[in-house]
Amino acid sequence: MFFQFIDILGTIAFAISGALIAMKKQMDLFGVLIIAFVTAAGGGTLRDVMIGVEPVSWMRNMTFVYIVIGSATFAVIFRKQISYLLKSLFLFDTIGIALYTVVGIETGLVAGLHPVVCIAMGTMTACFGGVLRDILCNEIPVVFRKEIYATACILGGFTYFILLHFFSDKNILFIIAGLVVIVVRLVAVIFKISLPSIYNKEELQEDSEE
Amino acid sequence: MFFQFIDILGTIAFAISGALIAMKKQMDLFGVLIIAFVTAAGGGTLRDVMIGVEPVSWMRNMTFVYIVIGSATFAVIFRKQISYLLKSLFLFDTIGIALYTVVGIETGLVAGLHPVVCIAMGTMTACFGGVLRDILCNEIPVVFRKEIYATACILGGFTYFILLHFFSDKNILFIIAGLVVIVVRLVAVIFKISLPSIYNKEELQEDSEE
Amino acid sequence: MFFQFIDILGTIAFAISGALIAMKKQMDLFGVLIIAFVTAAGGGTLRDVMIGVEPVSWMRNMTFVYIVIGSATFAVIFRKQISYLLKSLFLFDTIGIALYTVVGIETGLVAGLHPVVCIAMGTMTACFGGVLRDILCNEIPVVFRKEIYATACILGGFTYFILLHFFSDKNILFIIAGLVVIVVRLVAVIFKISLPSIYNKEELQEDSEE
């Protein structure tokens, strides 16, 4: 019940964020719906297809399908008012990422994959919906440029596999890993922390002059 | 026999339209061939991969492969003359979309998926070849911006599942659903109907000023 | 042993080339790592997913995963010095393409696919990592514009299936096919040969004036 509630919050946040970006690109109703769907389902779909879980998960989950359609419609109708919701959306989104990471890790574990690959699957589940959204909108994926996002997922995944040596209750492990994702992301956003840049000033200038 | 004939017409139309767009982008022979192939096979490939029909359908259908290669070659050689064919191409394309929609729905039904997901699979089969083509050509997919296209597929799909309560002969249902797709698209194009815009004038101006 | 050594060289070359392009686009550490990975694993992943080999090959091959992570890290640290290595990289890359082509053909054969589809799978394995890399970097894939690359793979594939009528030792066939890929590409680059353009001068001017 509790997990399902969180799952729905996360899906809503992903779908609305996708719809908002699609509307910025002046897409029509169909485009907005597809981008909302891809943002919410894209990461998990890629993961399922690569692992071989088919039909992919959302095809058997009508609740998910209806929530995405509902969220996209909501975003279209209330797009002027939604700016008041951005903070709640950010919070839902962060919770969604944490949950998606954990779900991705779990799917990898069930398929018997190596911990490093499981962490990759968790990160992919959480981040690649946004990557596909950005590609469909003809942008370089934002997560490849400013990525507190992905790092949080990776750290959450590492936490899970390190604690696995000390705890055996999976549910507790998943909750702790999810909390790590949430805390890392919130701290990074609040204190404006990003990965140390790998470019020095000259390189950055060169490119902006190009 | 009749269906196969329609299938071939649709494939030719998709492949040629892909080749023409690739040539506009100054791609070389290899690029033109790949874009033609992706336009014709992309939607069905995505559908098969997500549902778990593997190897994907076209890999077992050499007729399809040769028709695409032939159509792309034809488009390269006669690209100057092809403008005289554009009206026939549009008609073939519309017939192709109708058939692809029906094939997609059928594939979903065989996999035991929910009607809403089947309609999504039909629309994906018909429209996502074009989406992948546009991504490979570095454009925002045209179907997300002006989409009489996708709406026609969705309406055809709904028609199928509504009539399913009254008829039992699948072949008749498929033909009716296909005709709905064709009629909706032709009417929309002839009378220049598009979805009601979700943006008001101010929003459109704002963005064009950006 | 020998094949494994070649495989590792190819993977390193693909991963480093991906990382270099990601750094040109000012991506952060996570972006560089993902682009390196997609460049090295993308073609094979697409092939596996379309044929139905799941979980996809690299998920069971931790050596591959660690080599990509190591190569990307190396490229980030020594990006200033790497220009001295470009020639060796080009050589490794060419060897990598040859090997990937052969691996792709072999995977198609095991799945019982038609020779033409096997050649397509070989070419996809060798070239579509680069295609996905370019899409993620928001560029029109370079292989669709100047493609000595793909033609070499296709010719290597044809050689394989033609010689199949005369030889029965698969290992020898694979080595010959791989050598054809390498020689075609080297000759094309050294003598600056490209496919005959399908556009005449006027068409090229028109477009550059646009």
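The letters A, B and C name the chains in turn, as written, and every chain counts its residues from 1.
Going forward, a contact is a pair of C-beta atoms (placed from the backbone, for glycine too) under 8 Å apart; a residue touches a chain by one contact, two chains touch by 3 or more.
Remember, it's a predicted structure, so these values are computed and weren't measured experimentally.
Annotation: the chain A:chain B pair of sequence copies touches via predominantly different residues, less than half of the used numbers being shared. The angle of the rotation superposing chain A on chain C, based on CA atoms and rounded to the nearest 5, is 120 degrees.
A straight line joining the Cα centres of chain A and chain B is 30 Å long. Within chain C, contacts with two or more other chains are made by residues 49, 52, 135, 138. In the complex of the two chains, the chain C residues touching chain B come out as 49-52, 111, 113-114, 116-117, 131, 135, 138-141, 143-147, 150-151, 194-195, 197-199, 204, 207.
For chain A in complex with chain B, the residues that touch the partner chain are 22-32, 34-35, 45, 49, 52, 54-56, 59-60, 62, 65, 76, 135-138.
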